[in-house]
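Order as written gives the chain letters A, B and C; numbering starts at 1 within each chain.
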C-alpha cells in the first residue's frame, strides 16, 4: 500500500512536469495550429542555462531559474520569428519538417556548445523529505514544489487567458485569426506572446524535470517533449485543464507501467496509450470537435 | 459514353410528391429523392425538412441567401456530412452509411465552391484521376507495366482529351492544374467530375468569379453537358441570369428550410422568396 | 506541347536510372583498379541502404504527402528479420541467401507496415506524424527485448527475458539489447545496386499509373479525391506499405553488411537522418534523394570534411530549415512583385 502511494506521488509529480510542458504545446497548437517539435529542446536549453548559472557562476537557484526563463523566452520568440512566421501559409507538412529541423538544430547546437557528456544537475531544493507513516513514506521537497508550481501555473494561465486583454486576444486568434485581425488584434504579436509564455514555462519544466532526473544531456528534452505532446493530445489539444489532466494521467501511467509491468517497456506503453487515445478519441479527453470546412 | 441514357421527352410518369415542378417529366424514376433530410451541428439546425426530387435529365437550381445551407445540402448528398435525419435515395437506392467515395461510384459527382483541384498535377492527370473507376487495372499491372496497363492508359488518355474538348481545353492538357486561370480551373473541375461518369452532377457556384461572357458560355455548356451525357444537374448559383436561364426547376432555401419550389417564373413572383432576398416590404 | 510534358517526366526517370547505372559501373571499375580507399569501399553497401531508405521515405513524404517519423522502425524490422533469416536459412549460395533474406525482411516490414498503417492512416498531418514516431519507438522497444535463438529443433523466441534453452549446438542469434553479433557479411555493392534499381522501377512505374495518380490525388486534395471515388484508406495504405517493405529490404541489406547490429541503431535519429536526405533532395524528387543520401553519407568521410564532422548535424539542421523556408515561404521565393498585387487586391476590396 505504501509502495503504491509512493508510486502515486511520483506519478503525480512527474505528471505535473509533463503538464507544464504540455501547456507549451497546447497553447501553440491552439493558436498557431502547428506542432512545435522543438519545444522539448527548449526545455533542455532551459535546464542547461540554469545548470551553468548555479554551478559555474554560483548564482542562487532562483536567479538561475529566472535567467533560464529569460533565455528560453527570447529563444522561443526568435525561433518563431525566424523559422515559423514565414511559413504561416505553408502546408502543415512543411511547418512540421521545419520544426523538426529546429529541434535538430538546438540539439546539435547544444552538443557543440556543451558536449554530450552527462552533466549532473544539482539538487537545490532545501530541507528534508516530509515523512509520513513513521518515516515509511517519504515525499521529497522537489515533488511538493513541482506539484505546487504546476497548480500555480495552471491557475495563473486560466486567469490570464480568461481575464486579461492579451489572453482574450489569444483565444480570439485560436478561434479565427482572420476575424481577430479584423477586430484590431495584432495576430503576429499574439503568436509571439504565446511562444514566449510556452518557452518560459518550458524553462521551468526543464529545471523541475532535471531536479528529479538529474542526468542532463543535449537530448534530455526530446523524450519528455514527445511525452508531453502525448499528454496534450490526451487531455485535448488547446485546452489548459486538458494539459493538466493529460499530464498527470500520463505521469501516473508511466510510473505504474514501469513499476508493475516492465521498466523496459514503460516508454512503449506510454506511446501505446497515445496511439489508442488518438484512434479512439482524437480530440482528447477535454478537447472539442473541429469540423473540416468543405 | 458507352451507354447513352434514353431521354424520353414528353412522356408523363407518376409524379413523386417532392418534385420541384410537379407537372414535369421525371423519366421512369427520379434520379434523386430526398425525404425529411436534415442535419444539426451541435445544437444548431443547419438544414431541416429538405424534401426534393430531381428528374433523370433535369437541370435543378438550388438558391438562397448566404448561409442558407445550400452547400450543406451538397455535403449531405455526397456524404461529406452524414445527415442527422431523413433519407437520400439515389436512383432508388438508399445511400445511408456510404462514404463520399462510394457515393461517387453510385453516381453523384460534384464540384466545390472553393476550387479543389489536384494542383501539382497536370490537367490531363486531373481528368485521369476522375477516370479512376472507369479505366481500371491493378497496382501490379501498373508497376510491372503489363499489357493491360498500356491498353487502359491509352484509353484513359483518349477519354481525358475527349472530355477536355467539351470546354475546348485539350490544348491545356499538359499544364499544371494549379497554374490555370480561375475560370479554367472551374471548368476543369466540371470535366473531372464528368469523368467519373455520374448520373447526377452537383455544381457549387460554377459561375463564381466569371465575367458575363464567360457565364453565358458556361450556361450553354451546362445545357450541352446535360444533352450529351443525358444526366441530371443540380447547381448552386448566385448569378440569377444563369439560374433563371437554364434551370427547369428551382428550389429556394432560407435558414436551412425550403421556402419555395417551382419554375423560374413561379420563383421570381413568389412573395416569400422576394422577402427572403430583399427583406420585408413596407 | 503534350509530348514535351510526357517526355519531361520520362526524361527525368531515365536520367535517374542512368545516373545510378553509371555510378555503379564507375565505382566497380574504380574498385577493380584499386582506386577506392577502404573507407569508401566499406561505405558502398550502407550508401545503397540509405539511398533505398530515402527513396522509400520519399514515397511516403513526397508522393503520399504524409510525414512518417518512424521509418527507421521498418528498417529495423527488415534488418533483424533479415539477419535472423540469413543465419537460419539453409541456403549455401550467398547471393541467393541474401535475396531470400531481403525478401523476408521486406515482407515482414510490409506486414508491420499494415499493422501500423491501418490505425495510423485514419489520422492526418501532425497526428499521423507523431503516431508513426510512437510506433517507431514501440518497434525499437520490442526488438530490444526480443531474444531469438536456433538449435537443431529450429528457431526459438522469447520476449523480455532470455528463457531459451538449447539442445546441443544451439546458439543465440538475436540477443535482446545486444542485438545480432558476428553477422556473416554477405551484402555486396552489386546487391545494393540491384535493390536500388528495383525500388526505382517500382516507384516510377507506380507514380505513372492509376494507383500512383490516386495516391498523389490524396496528397493534393483529399476531399476532392474522395469526391471522384478514390478509396482513401486503400491508396494511403498501398503507398505506406510499399514504402515500409522497401525500408525493410534496405534494412536487410544494411544489416548483412555489418558485423553487429543493435536495435538502438534504428532510433528516432535514424528516422530524422533519412528525412534530412528526403528534404534536402527535394520532396517527390527521387534523383534528389539518391544524391542527398549518397553525398551526405560520403562527404563526412572524406579527409577534407573530417575536421568539420562535428558540425555535420548542425549544418544539416540549418540547411533543412532553409530548404523548407525557401521552398514554402512566398516572401523568400524571391517574388517581391507578389507583395504589390496583394496590396492592390486589398485596396480593390476596400
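Assume contacts are C-beta pairs under 8 Å (C-beta built on N, C-alpha and C of every residue); 3 or more make two chains touch, one makes a residue touch a chain.
Given the structure is predicted, the values throughout are model-derived calculations rather than measurements.
Asker: Of all the other chains, whose mean CA position lies farthest from chain A?
Answerer: Here the answer is chain B, farthest from chain A.
Asker: Can you name the chain whose C-alpha mean lies closest to the mean of all the C-alpha atoms?
Answerer: Of all chains shown, the one whose C-alpha centroid lies nearest the global centroid is C.
Asker: Taking each chain's centre as the mean position of its Cα atoms, how many Å separate chain A from chain B?
Answerer: 48
Asker: Based only on mean CA positions, could you tell me how far chain B sits from chain C in angstrom?
Answerer: Centre-to-centre distance between chain B and chain C: 42 Å.
Asker: Provide the C-alpha centroid distance between chain A and chain C, rounded to the nearest whole angstrom.
Answerer: 31
Asker: Two-or-more-chain contact residues of chain C, please, as numbers and ranges.
Answerer: Residue numbers touching two or more other chains: 223.
Asker: Considering chain A alone, which of its residues make contact with at least two other chains?
Answerer: 294 - these are the residues of chain A that touch more than one other chain.
Asker: Which residues of chain B are in contact with two or more other chains?
Answerer: Residue numbers touching two or more other chains: 80, 112.
Asker: Which positions of chain A touch chain C when the two form their complex?
Answerer: Chain A residues touching chain C: 34-35, 83, 86-87, 89-94, 96-98, 100-102, 104-105, 107-109, 111-112, 222, 226, 229-230, 233, 262, 264-265, 267-268, 271-272, 274-275, 278-279, 282, 292, 294.
Asker: Could you pull out which chain B residues touch chain C in their complex?
Answerer: 78, 80, 99-102, 104-105, 109-110, 112, 116-122, 124-125, 128-130, 132-133, 135-137, 139, 141-145, 149, 152-153, 156, 171, 173-174, 192-193, 195-196
Asker: Touching residues of chain C toward chain B in the complex: what are they?
Answerer: 1-2, 4-6, 201-202, 205-206, 208-214, 216-217, 219-221, 223-232, 238
Asker: In the complex, go through chain C and note every residue touching chain A.
Answerer: Counting only chain C, the residues touching chain A are 61, 65-67, 69, 119-120, 122-123, 125-127, 129-131, 133-135, 137-138, 141-142, 144-145, 160, 223, 268, 272, 275-276, 279, 310-311, 313-314, 316-318, 320-321, 324-325, 327-332.
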